[in-house]
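Look for chain A in each of the two complexes below; its partner is chain B in the first and chain C in the second.
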Partner chain A sequence: MEAVARKICIIGDFAVGKTSTVARFVHNAFSEKYLTTVGVKIDTREIDTNSGPVKLVIWDIAGTDRFSAIEFSYLRGAAGYLVVADGTRGHTVDVARRLRAEARERYGEVPSVMLVNKADLADEWDTDEATFDSLAQDHAAVFRTSAKTGDNVENAIRTLAEMVAG
Partner chain B sequence: MSVNDIDRLKQLLFGNEKKALDAITRRLETPESRTDDISDVLPEAILRSHAADPRLTRALEEPVELCIKSSIRRDPGDFADALFPVIGPAIRKAIAEALRSMTQSLNQAIENSFSVTTRFKAWRAGVPLGDYILQRNLVYRVEQAFLIKREDGLLIEHVHHEGALSRDSDAVSAMFTAIQDFIQDSFKQDGGESLTKAELGELSLWGVHGPKASLVCVVRGVAPAGLRTELSEILERIHLGYSEALADYNGSPDGVAGIELELEKCLLLEHREVDDSEGKKKPIAGYIMLFIVVALLAWWIGSSYADSRRVAKYRDALESTPGIVVHDITRRRGQVHVRGLRDPLSGDPVEIAPAADIDPADLRLDFAPYQSLDAPIIERRARRILQPPRGVGISLDGSRLRLTGSASAEWKQKARLIGQAIPGVATLDFSSMTVDDEQVLREAIALLQPPSSVELSVINGRLEGRGSAPAGWLRRATNQAGTLAGVNEVVLDEIVMTETLELQQLLQAIDGTSILFAANLQLASGQAAELERLGQDLLRLQNLADGLGLQAQIVVTGSTDGIGNVSGNQLAAQGRADLVSRALIGAGVDPALIQLRTSVSPIDGRADPARRRAIIRAGIVRN
Partner chain C sequence: MSTLDIARLPDAVAKIVAAAVPATVVLRVDRLGRLLEAHGDASTVKLSGLGTGKSVFSQLPMLEGSDLGDRNHWACIDNGAGHAVDVDTVPGELDDAWIVLVSVEDRRLAQQQQQLAANEARLMNQRQQKLVDQLVAARSELELRRREAEEALTDKTRFIASMSHEFRTPLTSVIGYAEWLSTALDDTAQRQSRAIVRAGRHMLSLVNNLLEQAQLETNQASARPDCIALRDLVEDIAAIMAPLAAEKGLAFAAFVDPQLPERLVIDEMRVRQILINLLGNAVKFTRTGSVQLNLSSQADQLHIEVADTGPGIAEDDKGRIFTAFKRLEGSQRQVGSGLGLHITLQLVKLLGGSIGLDSEIGRGTKFHVRLPYQDAPAEIPAAASEPAAATTGQHLLLAEDDPDLVQLLQLYLARAGYVLTIVDNGRDAVSEALARQPDLVLMDFNLPIVDGLSAACQLREKGYSGVVVALTGATLDDDRLQAVEAGFDGFIAKPIRMPELMATLQALLA
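This part shows the complex of A and B:
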């Protein structure tokens, strides 16, 4: 059974670990230099879901704290978002929240999963539970992930895949 | 019969009709049922009405037009999408038509330079020689074709030749979309254009774009420009046949049923080297042929360039010629066609041609006449209209026509009248122009025809006269001289009227004339003739005075000598005055002009024949 293709976008502030978080879980079709040139890099990942196999075409959008016109065009037609923040830098959560809101305002409601990164440095986090609660209201699921250990990344991707596969 | 009986009777007699009537009434009073009724018959009604009477079409024209305009204003995209499969072929047809003539020229040039064999092959293939040669030299193959959903970059379908290198096609599709968005955003703010071609070595990406999907092909080799047309046609067919499926595509691995077949047609677009053996057998001949082609092309381009320079030079020469406006100048079939405007007074376009190395025989001129306002043309026009005499200069200062030199007053007056009407001339300046006095004098003599006793002269427009002339001529001359062109002052006061001279001479001759008497009232010897002559002179005097607006006065005084007595002498003096007076009246003199006097000498006894007379005094008074 062949997989259904779905466009997924990874969004988040600068240096929150978007690329390195998913790097080991996807098929790297293109070099990371595209991120600094074109501002986006395409990866793919095929996952078996309850609805059948789905091929995620993942648009890894270069870090930003506010979407420009070109980044909005990259978001067009996305079936889901992986929203990434850095747990050790609380303002990146705010940026993630704002980017999510901007995307919603432009393209309407699209399923999203929140990844709060650097779970391996939990002692240095300045993100409290209240923040997580509020994030949970904006996203289908919120995960504490680690790019270093790979914790929860697979779960996050699978969760989103399940949502967009139907 | 009670009321109830009547009702029952009604029910029995008209029950069914009443039910039918109520049903009809309900139907008419219910908007929904009326709408249903009308919707049932409306299509057929429109068909019948349209077939029988064009009024329905006319009635619907304006509302339908307004609906379309409103719909386009609200969302032009829907209309653009609907027209996409139609507009592409129409535009290509128009462009192909425009290029056809250019291709024909190229064909003509090439056809003169290839071997009979090549020409035969082209004829056998049923294509123009130029196309045949082009096809032989272009080798390419469409290796992969991606059909990509425009909205999200998802790959709808991907086909490729076996062995063609293909990475993750979904990622390639998405990355192509991302790069296109990136280029659009970077260089084209409105996003109306899309990436159509990218080249890398022997590979190139050809993109054609529709409203819902883009077709991107990987081409190896050198493809002709016509490939884009073929790709566009494939994409248009896909849009035409699968428009809704494209819009609804959601990433299904099965793509859109049927599209793969259409897409595979892209892979059929290729051209292989034909007749390789021929090329291998005769490489030298091929090189010679190529050299000849290049040389002929170089010659053709060179001669075309030189010719275009000559035409451009001729155009410059024409445009710098006053009175000529060039709209269009082209070289067609060896002839130079010129269209424009030309003032009849401008230089001859044919005479200009040799200076630009254009053969006058090659010229085809189509000039519409017009009146130029170029200064040299206005000057020529002024000379043609005014025809200035020798010595008169004409020059233009802006819109002021300046005239210099000397000319007759008549010409000057004519120039003043018609000069204003010359196109391009607003005012005339005669301030530097002098009038020819001699010419004016000749015109004055011709007009006034003065008697020989009159001498006329003209100095700076002042007409003067001297000498004597009849009063009638003087009066006429005074009236007419004012009408002479170039005469600004008339002085004829110094011309003496000949009638005045004669009057003076007559007065001198008449005044003091005596008519002598022998005794009493008997005229002395010879005085009768004298009296008759006197009568004629006085009559002449009277007439001259009349002609000059004067009146003659005549006093006849009868007198006596010193013999006789006073009373007798008084009677004699009176009688002599009467006798002379009657003689004058008899000669025609007006009696009213004659006054009678008497002068009786003292009685001294001296006889004096000289005092026995009537003396005539004549004078002139104004009326």
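This part shows the complex of A and C:
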């Protein structure tokens, strides 16, 4: 059975770990070195879902706290969003909320999964349970992830893959 | 893949290519996305193996999800081969579409360096801001804890003041009755009653120390300098200490340098307490020999010297003896609350002075206190130091709810010739005072029905113009201020020393 291709966009503020999350998911790798993304970096990975094999074409979009017309154009045709925030920088959750709302306004309802990243630095988190509860209302699922250790990265992206595969 | 010939391209595609040649690749696809034509050098955008007839979506995953029938522009997209391209899609006129890939790798690299520096600076700022926020939060927390601690300390002071008041009222009766009896009984009974007086006064000094300590802790204490007769004060202190020393077989002497003025301005109550604490300690810890008090003037300061022939204080202990609740090792030093010297130090500081000591083990100790004072103004008349023997039937209203104290005051006041009206609550005090217009109202603070402060206010509001004197165990500065604001003319602290009471009444009624 030939895999269906699906465009997935990963969005969030700068330095929340979007590129690292994709690297963990696609290459099972992690680098401590911070390299900012310019424009879009594209990676693909094929996985099996309950609906059959899916080739995820992941658009890793440069971090921003607000979409300009250019970033909006990147979202066009996306089957789902991975929205990422940094648990140690509470305001990046607000940025994630704003980006999700802007995307919804522009392209309507598209499935999304929220990743609150850097779970390996839990001691430094300033994101509380109430925040998670409210995020759960905006997304199909919310995960505490760590691109560094790999915790929940696979779960989070597979959850979205199941939703867009059918 | 053919060479790129701009002339063969549609105008919209040619415009894009013209701005970017030579690093440009142009593809033409049919409506199903199959690659029909490829123009340009694919290696300039790090692409290879583009095959016509195959789906362009599988060959260029970046196009997944895009509608090639629409005009699109995507800037700076990594084409999957680690090379950044701008991608444009332009609908064709033959049910086809054109895809233009322009290499922007150089631009991406330059922009990445720039953006990296900017992002790292922003991250640094955010981390700094977070630290600042944490510091502010920590400071707020500390401030909250400090306020809570202060409130707890104030509550404690209030509690001690309240307890102090509770002690003072019965102590007035204990000491007062014992003093009364000591003049009326045989020698044996007089000695016994004097022992009661001494014990009562000792207990009073402990209560005073506790209260003073609480006030000093909360910075509620303030110096109240007044014109005093220093020699009278020393005589008074000697009268208290000499019998205590004599009981232990100690010689006691007090000297006042003739160079010291007869009258000077200083806080008498605090000086009295300093003297009692130092002399009390000296008598307490000296087994044989003497205790001596010397007062002199040095460099315009009152110099107090208290010398004893007691056990002395070890060098290591000299720094510790002024610490609260620190008592030196050894059974003799374990007597008392451990507050005396600590309070003495605080009182000396309160009065702007200094304290020090010389001591030698086995030879004794000499404390030196230096206190600033002011010369008494010449026009201030000397206060009456002796109570009046009798009055001429002046009318006095006594408002006090402690029956033992009422009986004791009756003894003294009647002997002094006052005509008394007695009530046991504030409401009756107001009505009786307004009806009978006594020369003086002597009123407790803590009266039932209407308290003393409210009663004084009512008296003043209703036009009573006689003298109103507060009689209370409350001794905080705040209480004194409240008493003045309520309309009291004087303030007598319990336990009442009868000679002082008589002198105060006489002065106020003069």
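The criterion applied here is as follows: the second predicted complex is superposed on the first by the 154 of 166 C-alpha atoms of A that agree within 3 Å, B and C clash if a C-alpha of one lies under 4 Å from a C-alpha of the other, contacts with A are read in each partner's own complex, and residues count from 1 in each chain.
The rule is simple: contacts are C-beta pairs under 8 Å (C-beta built on N, C-alpha and C of every residue); 3 or more make two chains touch, one makes a residue touch a chain.
From a predicted model like this one, the values you see are computed outputs, not experimental measurements.
Novice: Consider chain A as the common anchor and indicate whether chain B and chain C clash or fit when overlaid.
Specialist: Overlaying the two complexes on chain A (C-alpha atoms) leaves chain C and chain B clashing.
Novice: On the A-aligned overlay, A:R76 touches which partner chain: chain B = first, chain C = second, or both, or neither?
Specialist: A:R76: touches chain B and chain C.
Novice: Does the superposition put A:V40 against chain B (first), chain C (second), both, or neither?
Specialist: Both partners, chain B and chain C.
Novice: Which holds for A:F30: it touches chain B only (first), chain C only (second), both, or neither?
Specialist: first
Novice: Looking at A:R89, would you say it contacts chain B, chain C, both, or neither? Reply first, second, both or neither.
Specialist: So A:R89 only meets chain C here.
Novice: Contact-wise, after the overlay, does A:A15 reach chain B, chain C, both or neither (first, second, both, neither)?
Specialist: second
Novice: Based on the superposed arrangement, let me know which partner A:K7 touches: chain B (first), chain C (second), both, or neither?
Specialist: A:K7 sits against chain B and chain C alike.
Novice: In the superposed arrangement, which partner chain does A:V57 touch: chain B (first), chain C (second), both, or neither?
Specialist: A:V57: touches chain B and chain C.
Novice: Chain C clashes with which stretch of chain B: 217-225, 271-279 or 595-603?
Specialist: Stretch 217-225 of chain B has C-alpha atoms clashing with chain C.
Novice: Considering each complex separately, which residues of chain A are in contact with chain B in the first and with chain C in the second?
Specialist: 5-7, 34, 38-40, 42-44, 55, 57, 70, 73-74, 76-79
Novice: Could you list, by residue number, the parts of chain B that touch chain A in their complex?
Specialist: Interface residues on chain B, with respect to chain A: 149, 151-155, 167-168, 170-175, 178-179, 181-182, 184-186, 191, 250-254.
Novice: Which residues of chain A touch chain C once you look at their complex with the stated criterion?
Specialist: 5-7, 14-15, 34-36, 38-44, 55, 57, 62-63, 70, 73-74, 76-79, 89, 91, 126
Novice: Flag every residue of chain C that touches chain A in the complex, lowest number first.
Specialist: Against chain A, chain C makes touches at 57-58, 61-62, 64-67, 72-80, 84, 108, 111-112, 115-116, 119-120, 122-123, 126, 130.
Novice: Which residues of chain A touch chain B once you look at their complex with the stated criterion?
Specialist: By the definition above, chain A touches chain B via 1-7, 27, 29-30, 34, 38-40, 42-44, 55, 57, 59, 69-70, 73-74, 76-79.
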